[in-house]
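So, here's a batch of structures to check.
Next, two complexes with chain A in common: one pairs it with chain B, the other with chain C.
== the complex of A and B ==
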């Protein structure tokens, strides 16, 4: 079990490295090597570490532990084929954790990041209305039931494509350098991560690796079904590369525009679900 | 952060031991899978942090470090 956590974090960091590489190549830059994020995590773990004088020491350190813990739990939920409602609950917890990160340091940049995290939650989390569309067809929110449904009826990507697009946007919102990455955009330095350096940042990198792996793995399972593990990894990479294309050619939106765009998509999804409710027997 | 190597070692050893014990208990069937996962969820973050702190922690007898501009 512990080996799953280590491998998922390492593969997630590798995916984030590929993400940076693809963005760089599209923007005609050489970019860092694909294993750069793994090196970053190791590098930060060897750096000097302390707690800023303005920080709430307990929250500053404790929130790092919570961040790793919730995404470790998310990995076990996905591997066990449990309910995607738990996954959504963990995603919501992550927004609270981002907020905690931002407030714990006492830095204005961190606080701005934390506040933006709450703002973006208002538009990201409603995107999970997509699970209603899935439930209309599968009659269950257990991942193993969703996978079993697809084994009989084919991938949900073809049955409810708008739901897949909405989930895709949720993942896009969590990737760095994306149009919705307002919580860590550069005008607020690194947002909620600004004051967490050294070992704390290394632990945050582990969290980011786990989070990236879990979200992409869940996406492939929910919309493409059970496949050989090597193919799942290949598809996760393909989905990530497509997301990197989006990130490379779109600027980071302002917080207002980010929330507006996501809210419009949520509205469209609600209309789609209303349509499904009308036509699906 | 003023944390001595010995203090971090205790945390690192404790978290590593907890993980090993849970893993052995799982493989021998002494505890169910969900219980082992719950232990890993709690102990893994502590292991990651204490491992990083252990690499850098001093023994308490070093010179004062340069602490930035």
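== the complex of A and C ==
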């Protein structure tokens, strides 16, 4: 069990390293080596660790453990082929975790990051109407049923492409340096992560790795179905590189614009769901 | 009962009231328990504020009576969330949800600050109005189907009216929307992260549960 967690976190961190490298190359910079995020996680593990005097100490530390716990659970939900509703629940709860990270320190930068996290949830969460589109066709939200459906009918990517686009945007919202990365944009230092250093930051890096792996793995399984494992990893990397292109050529939006754009996309998705409800028997 | 949250793991019976644990409801239940525990054992942080017009800063402290009251409300909110996550009875779910709304108002209203109290007032009105569609949905569903048991409704014997589901969602949005409504004033001006976080968490949990309920029944 632990080996799955370690491999998923390491591969997720490698993906984040590739993400930074691709962005840098598009922007004509050399960029860090692709394993930089793994090195960061290791480096922070051995740096001095503290809890700020103003922090709510229990929450400051406890929220780190909660972050690791929820994404570990998400990994096993995906591996076990359980309901994607649980995955979505965990994704949404990550917003609460970001909120907890930000508020627990007492830092104004963390506080702004935490508040932005909750505000952006209002627009990001409805993007999950995408699962309704999937449910219309598969009649189940269990991942194993969705994979089985695709084995018979072909990839959902071709059946419900707008749902795939919506999920793609959900993943984009969670990637660093993206247009919707308002929770950790540079005008608020590192946002909700600002005060978590040392081991706490290393744990946060591991969480980011797990989160990236789980979301991309779930995307491939949900919209392309069961494939050889090496091909899934290759496709995850390809999806990530495409996301990196988006991140490289778009600025971080202001919080207002970020929420507005996501809300418009949600409106379009709701219209699509209404259309499906009308035409699908 | 096979719901979209996965196959039931076990059912806890209290007389004719059922509490069912599927992988989905169990996940939400455990998170509600976890965060309630954190609210019990955590002390509030001291928020650092920049003094307007200068480069000085100061730390806001929470008084002991305020901390006690907000902690009590946060624990009550956690318990209501726990109940809402596993309840197999639609009326109990609406009761727990309205309790989440009331306790969220309490968490915010304990802060003696004009802006925060204004937010709590607006917040309370939204939550209060939302109880109408919330309980109205339960009344409508029991009137048309004769039961409020979620497993019985999920069995498909009775057609649940779409308007009943829509009112249920509307009620939960109203109860759960209140923290979003008050988020800015509350979080920017009032310290107390372990309690504030219960506002957001409980709202999110009742949203997540209502998705499962309306797609199951």
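The criterion applied here is as follows: the second predicted complex is superposed on the first by the 281 of 281 C-alpha atoms of A that agree within 3 Å, B and C clash if a C-alpha of one lies under 4 Å from a C-alpha of the other, contacts with A are read in each partner's own complex, and residues count from 1 in each chain.
One rule holds for everything that comes next: a contact is a pair of C-beta atoms (placed from the backbone, for glycine too) under 8 Å apart; a residue touches a chain by one contact, two chains touch by 3 or more.
All values derive from a computational prediction rather than experimental measurement.
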Superposed partners chain B and chain C on chain A - clash or fit: fit
Partner chain in contact with A:47 - chain B first, chain C second, else both or neither: first
Partner chain in contact with A:73 - chain B first, chain C second, else both or neither: both
Vertex chain A, arms to chain B and chain C (CA centres, degrees, nearest 10): 80
First (chain B), second (chain C), both or neither touched by A:138: neither
Partner chain(s) touched by A:120 [first = chain B, second = chain C, both, neither]: neither
Contact breadth on chain A, by residue count: chain C or chain B: C
Touching partner for A:64 - first (chain B), second (chain C), both, neither: first
Which of chain B and chain C A:202 touches, first, second, both or neither: first
Which superposed partner A:262 touches (first chain B, second chain C, both, neither): neither
Lowest C-alpha to C-alpha distance for chain C against chain B (Å): 10
Interface residues of chain A shared between complexes with chain B and chain C: 66, 73
Chain B residues within the chain A interface of the complex: 1-2, 19, 23, 26, 33, 36-37, 40-42, 44-46, 48-49, 51-53, 55-56, 65, 67
Partner chain B, residues of chain A touching it in the complex: 1-2, 5, 44-51, 61, 64-69, 72-73, 76, 80, 198-199, 202-203, 206
Residue ranges of chain C in contact with chain A within the complex: 4-6, 23-24, 27-28, 31, 34-35, 38, 41-50, 59, 179-180, 183-184, 187-188, 191, 193-194, 196-197, 200-201, 204, 207-208, 211-212, 215
Interface residues, chain A side, partner chain C - complex: 53-60, 62-63, 66, 70, 73, 77, 82-83, 85-86, 88-90, 92-93, 95-96, 99-100, 103-108, 111, 114-115, 118-119, 121-122, 125, 135, 140-142
